[in-house]
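These notes open a run of structures that come right after.
Paired with subunit B in one complex and with subunit C in the other, subunit A is shared by the two complexes that follow.
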Partner chain A sequence: MARLIGVEDIEYLAIGAAVLGTGGGGDPHLGKIMAQQAIKEFGPVTLLEPDEMPDDKMVVPVAMMGAPTVFVEKIPNGDEALHSLRRLEEYLGKEAYAVMPMECGGLNSTIPFVVAARAGIPIVDADGMGRAFPELQMETFNIYGVSGTPMVITDERGDWSLLNTVDNNMLEHIARGIAIRMGGVGHIAEYPMTGVEMKRSSIFHTVTLAIELGKAIVHSREKQLSPMPQMEAALIKAGYGKPLILFEAKITDVDRATTDGFAKGTVTLEGIGEYKGATYQVDFQNENLIAYQNGEVLATVPDLITFLDLDTFKPLTTETLRYGYRISCLAIPTPSIMRSEAALKVWGPQYFGYDLEFVPVEELNEEAKIRG
Partner chain B sequence: MARLIGVEDIEYLAIGAAVLGTGGGGDPHLGKIMAQQAIKEFGPVTLLEPDEMPDDKMVVPVAMMGAPTVFVEKIPNGDEALHSLRRLEEYLGKEAYAVMPMECGGLNSTIPFVVAARAGIPIVDADGMGRAFPELQMETFNIYGVSGTPMVITDERGDWSLLNTVDNNMLEHIARGIAIRMGGVGHIAEYPMTGVEMKRSSIFHTVTLAIELGKAIVHSREKQLSPMPQMEAALIKAGYGKPLILFEAKITDVDRATTDGFAKGTVTLEGIGEYKGATYQVDFQNENLIAYQNGEVLATVPDLITFLDLDTFKPLTTETLRYGYRISCLAIPTPSIMRSEAALKVWGPQYFGYDLEFVPVEELNEEAKIRG
Partner chain C sequence: MAKLIYKIGVDVGGTNTDAVVLDHQDQVVAAVKSSTTADVQSGIYTSIEKVLKESGINVNQIAYVSLGTTHATNAIIRRKGLSKVAVVRICLPAGKGVLPLAGWDESLIAAMDATSFLIHGGHEYDGRALAGEGLDHDEVFRVLDTIKEKGYESIAVSCIFSPAKDQHEKEFAKLAAERLGEDFPVTLSSEIGSLGLLERENSAILNASVVGVAKKAAYGLIEALKDLGISSKVFFAQNDGTLMSLERAIMYPVLTIGSGPTNSTRGAAYLSNLENCIVADIGGTSTDVGILVNGFPRQSALAVEVGGVLTNFRMPDLISIGLGGGSIVQYDGKEVAIGPDSVGYEIKEKAIAFGGDILTATDIALAAGVAIIDDPACDLSRLSYLDTELVQKGIAKIQEMVLNACEKIKTSPEPLPIVLVGGGSVIMPAQQDDSVKLIKPENFGCANALGAAIAEASGEVDGLWPMEKRTRDEIIELAKEQAIAKAIEMGAVLSGTSVVDLEAVPLSYLPGNVLRVKAKAAGALQL
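Right, the complex of A and B next:
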């Protein structure tokens, strides 16, 4: 049943979305403040069950796109994504019944709340990847045949562009070029679709999942307990696999660059506690992609790889990682529809340039699974 | 008075537009074929006197943008710029009464004929620079306060984008990014304006000028005479200064690269005949920018610098230049409104990164003027 999302839920959402954000998806703190401000000003937002979305009405994913390292420096005024939605509605000659996240990881879990509160429309409890990904064709909407265009991208100055492309790869290609020229960040409304299309192409209940993950971390921290049992329950309920701790380690190096509009790099770590003696590496492109132990693969995209602060279990985004941080590396088996052959072509390790077949993280880590 | 432009006029136009194109503006041969094909299929195009354009109707400059070196390899299907015009008309909710060239140099002198023939509307005998320039803010429309947006850009696959920007520099910046991601070339409809705006912001009679220059070259070649007297008469009539031959020389080196969506480089030459013993250099960014003799400046942008084949007087575009070609280097003083302080800020030598004040070519070459 539909329910109202208020300021406190956004607090949890931001934390849980950072878990699903796998290091990317933008600083959730900034998105949290924007969403909370909008809710304070315009009132709580209705979160719709996917089934409650009318089949013939339009729902539009809204988001920011660009390098998370730039998000932090170019604070949006909050109207940009709504502006994109309005221009898209004008072009299509119809109003959006609801918005939704394109990705429920990181900042982009909160942006739809900014738009929904301001526009006075609901959000659908679903998204297009159940995590965060760096590119616009990496959405289940694309895999299940929805066109990403028409889409609109707006910058903080008011420059905007309406885009129509022959396919969703060209959408990503051209929109990325625009976002770069806009200074590294653009605010988008894309993949406009009917309720029917949303129901067959999205991952359900990921907004609720992010809120539940946030609650698990906050409440377990208060009680000085592990959040893992509660997180596991929420993940299993939403169709993910059993989460596991891959390793605990201290960061010894972070090598990063903002290249082609993405934050790319590698984190190097040394094991601590029971992992002492081992060396770890995690490669990222906005999001964490591959985790290695002494050069052996522990987990690969699209399974989720997230750094949690060792003591507080707070999820850490890539741009905050620094030498000396002590972390737990969490892995979450992605929902099975994200592991289909068609899906792995779009976001498997090979797409990111790795000569690796995807192997489910639970198979790669029988041992860790038991520990988790 | 309005008159009809047929296939033969386009033959002349393409040659004259290559003179005004100053080495850039794209291969006029390709544009000529496209325009002639369209006229054969849809009939001659009406060329309107600027004064015949109704004050309150809309006129839209249409063009290709990108690196001329890419134009040659990605042959358009001819519908792209018309597609851009149609999408712009739909967005604005009104029809274009006429189209016009944004630049009367090179390929872009002919593109409006392709669109006009297909759309069954006239072309205004005027443009936005009286030559060719590499960037979209380098148009008299911009100098005289017309907004370049809304604009539409389309590629040969059918990808397209509608762009709205806060100013015409951002238009150039973002549209260039899109053109690069479209593969190096886009087809645009931009600076939509009323008849009144066109009349106060454009350079008149430049289509006719290009046709007259083409006639001068073809007819003098037939009679084995110099085209200079006829070219001079046509240029003076259109408000340009007296043309002059800067030097005659043989190309010894062409250094070029396609960078940031532009064809950039330097042509090095050795003087022949009465210029023997001197070394020449011409720098270009799509168009020829600066000509030097033994390191001394002979002419600078926005004055026009064009290579003509030494024997045939045929104008040569940058992408056709090769070692061993023997050329005459022609300079044409640009109309005085192109030399205003506001105008020189947008297209003077300093804009292109040169530590040079603009000095009119006729002042730099008192001697050459006499020779010319």
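Right, the complex of A and C next:
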């Protein structure tokens, strides 16, 4: 059943979205305030069950693309993504019935709420990756045959551009260049699709999942209990696998390789408690990609790898990591729609430059203790 | 004219106001404590009076007095005497999505009767203007006239990318001086915080709200010093461990709010003659552990809440644990638990060694022979009933707690010496072994006041640099030059001012295009 999302839900959403952000996706804090401000001004937003979306009507994913560091400095007006949506509607000659997130991890979990509140239309409870990824072709919509274009990108000054590209890889390439010229951030409406296409190509219930994960963390912090049972229930319900604590460890080194200009690097950790004696390593490129124990692979992208603060369970972004932090490393098996052969070509370990086959995290850790 | 050879440092803490006199070689001549007073000022007066008497120095030979005070913090927390603030955000055509004061407690907004205006201007990360090269003067004057009409007492200005390019904030200040007079307080966000507009703007608003209180307090202090015959220069200790002039402290009082822990870290390092070390400041109830990198406390990477408002002040990175000289010790026959409850300043009434009936960390340290307290009221025979195992386990627990916190604050696996300071540091044995080097310097009790007296000035830059026209190395060189120029502008000596902290990270999700560089330079104060 459709339900209303208010200011308090957004508070939880932001925390859960950081878990799904797997260390990247941008800090949702400012996006959260923006969404809350929009809801206060225009009223709560209707969250639609995916099957409540009419088959023949149009749904449009909306998002920001570019550098979160710029986003928090050049605060947007809040109407840029809506502007993109309106121009797209004009071009296509039809109205959007609903919007949806393309990315439920990180900052982009909040943007559709800003648009939906202002436009007075619902949000579909689904997204296109179930986590955070750095590029526009890395969406299930692309894998399952939806065109990313026509797409509109708008900046804070009102500059906008309509893109039509031959394929979705080219869409990413051109749009990234435009976002840079726009000052580092662009606000987009992309992958316009029908209800039928959305149902075929998206990951269901990921907005609810982010809210539920946020609740699990806040409640367990209040009660000083592990958030795992509540998180597990929410993840299973959304079609993910059973989450695992891969290890508990202390960060002994954060090496940010900065030579080629990518925000990439490696975190080295030393096991603590029952994990004492083992050495761990997590490679990241914006998001966490691969986790190793004593050189053996523990988990790889697209399964989710997120660091939680050991004491507060707060999800940590890669920018804030440093020596001495004590963390739990959480791994979440992605839904099967993310693990098809076609999908792994777009976001498997090989796409990120690793000579590794994807093996599901639950298979790699069959014997790992699942802590409740 | 008499030779200026002495420095006076004062640190106002929650319980005590400490003062020290240093000679020309920065050696401690005298160190005293007096109680911190509700008005702060009279406690400072008493402390200085006392330290002058004890040292017997000639007041005409004082080079400067430097103060670490808490006026600004108190005003924000008590919400008293706050100025009526107008916030001006230079951001249009961007910036409307989250308005100034978003997320603030209504009562704090009411206490400063705050309002906000958005005007055109600001820059992109690469320095291009968002609206126009200069501000629209008519638009600015319209806002200034409204501010004047409505009786606002202080202005906070923020501007998109002002930490990288402060041109528009400065232009606004000039126009404000023209319209509202030179004395009208205008706080520029670029002078306070780094990237992250909302947090930086919040910091500027807090500052704007306390300029009135701070000005009164500063002039009060000058008067008090005059009464003591002191007419030398006065400096204020900042959060980052450097000093600022009286003029600047009146304009940017909020930059002093984290100076307490910074001062003790700096003082500890000085006392032990170290540039890189961990400092554990053990008080009566808690221990603050900080880390000194190239002579300065490492700053926190996280947003800091002040008065319930998210800010991005440059605050020292600290780990606080509930362990101090007065911490209450519990023993169930197996495990020893220490703190976080403490008898605090009542230790001389409540601790067992002093005839009380509560077992404290100090009692354990006395029984173990770690602490030696020269006080007739302290009687070790009262501790003879204590179980040896309890005492051993208690000392081990104290060590474990302090060392764990020290380990947590380190940024690299290399061993670093640990300097112990503060009144409560008697509970921690200064043992040496291969793995840990613990140092308990002489005068460890007055590290904070001493830290306030050591004079350096600093300058910082934080900006995003497109990598299209320059290489990474060229960008870093430029940022370093800018930081050094800023430090010199803040009063550092021309030669010998150098970069003490540098961070260069490419922006995520903009592959290969933009580098964020933070650089900080510091040098001795030009006297």
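The criterion applied here is as follows: the second predicted complex is superposed on the first by the 352 of 372 C-alpha atoms of A that agree within 3 Å, B and C clash if a C-alpha of one lies under 4 Å from a C-alpha of the other, contacts with A are read in each partner's own complex, and residues count from 1 in each chain.
Methods note: a residue touches a chain if its C-beta (ideal position, glycine included) is under 8 Å from a C-beta of that chain, and two chains touch if they have at least 3 such contacts.
Here the structure is a predicted model, which is why all the values come from computation and not from measurement.
By the document's definition of touching, neither partner reaches A:R3: not subunit B, not subunit C. In the superposed model, A:R221 makes contact with neither subunit B nor subunit C. In the superposition on chain A, no contact is made by A:K199 with either subunit B or subunit C. In the superposed model, A:S161 makes contact with subunit B only, not with subunit C. Judged by the touch definition given at the top, the superposed model places A:P76 against subunit C, while subunit B stays out of reach. In the superposed model, A:I180 makes contact with both subunit B and subunit C.
Touch criterion met: A:M170 reaches subunit B, while subunit C stays clear of it.
In the superposed model, A:K314 makes contact with neither subunit B nor subunit C. Ranking subunit B and subunit C by residues of subunit A touched puts C first. Residue contacts after overlaying the shared chain place A:K242 against neither subunit B nor subunit C. The residues of subunit A shared by its contacts with subunit B and with subunit C are 157-158, 176, 180. For subunit C in complex with subunit A, the residues that touch the partner chain are 91, 93-99, 102-103, 122, 124-126, 128, 130, 160-161, 195-198, 301-302, 407-413, 464, 467, 472, 504-516. Of all the residues in subunit B, the ones that touch subunit A in their complex are 91, 157-166, 170, 173-174, 176-178, 180-182. Subunit A meets subunit C in the complex at residues 24, 26, 30, 33-34, 37, 65-70, 72-79, 114, 134, 156-158, 176, 179-180, 183-184, 252-253, 256, 258, 260-263, 286, 318-320, 322-324, 326.
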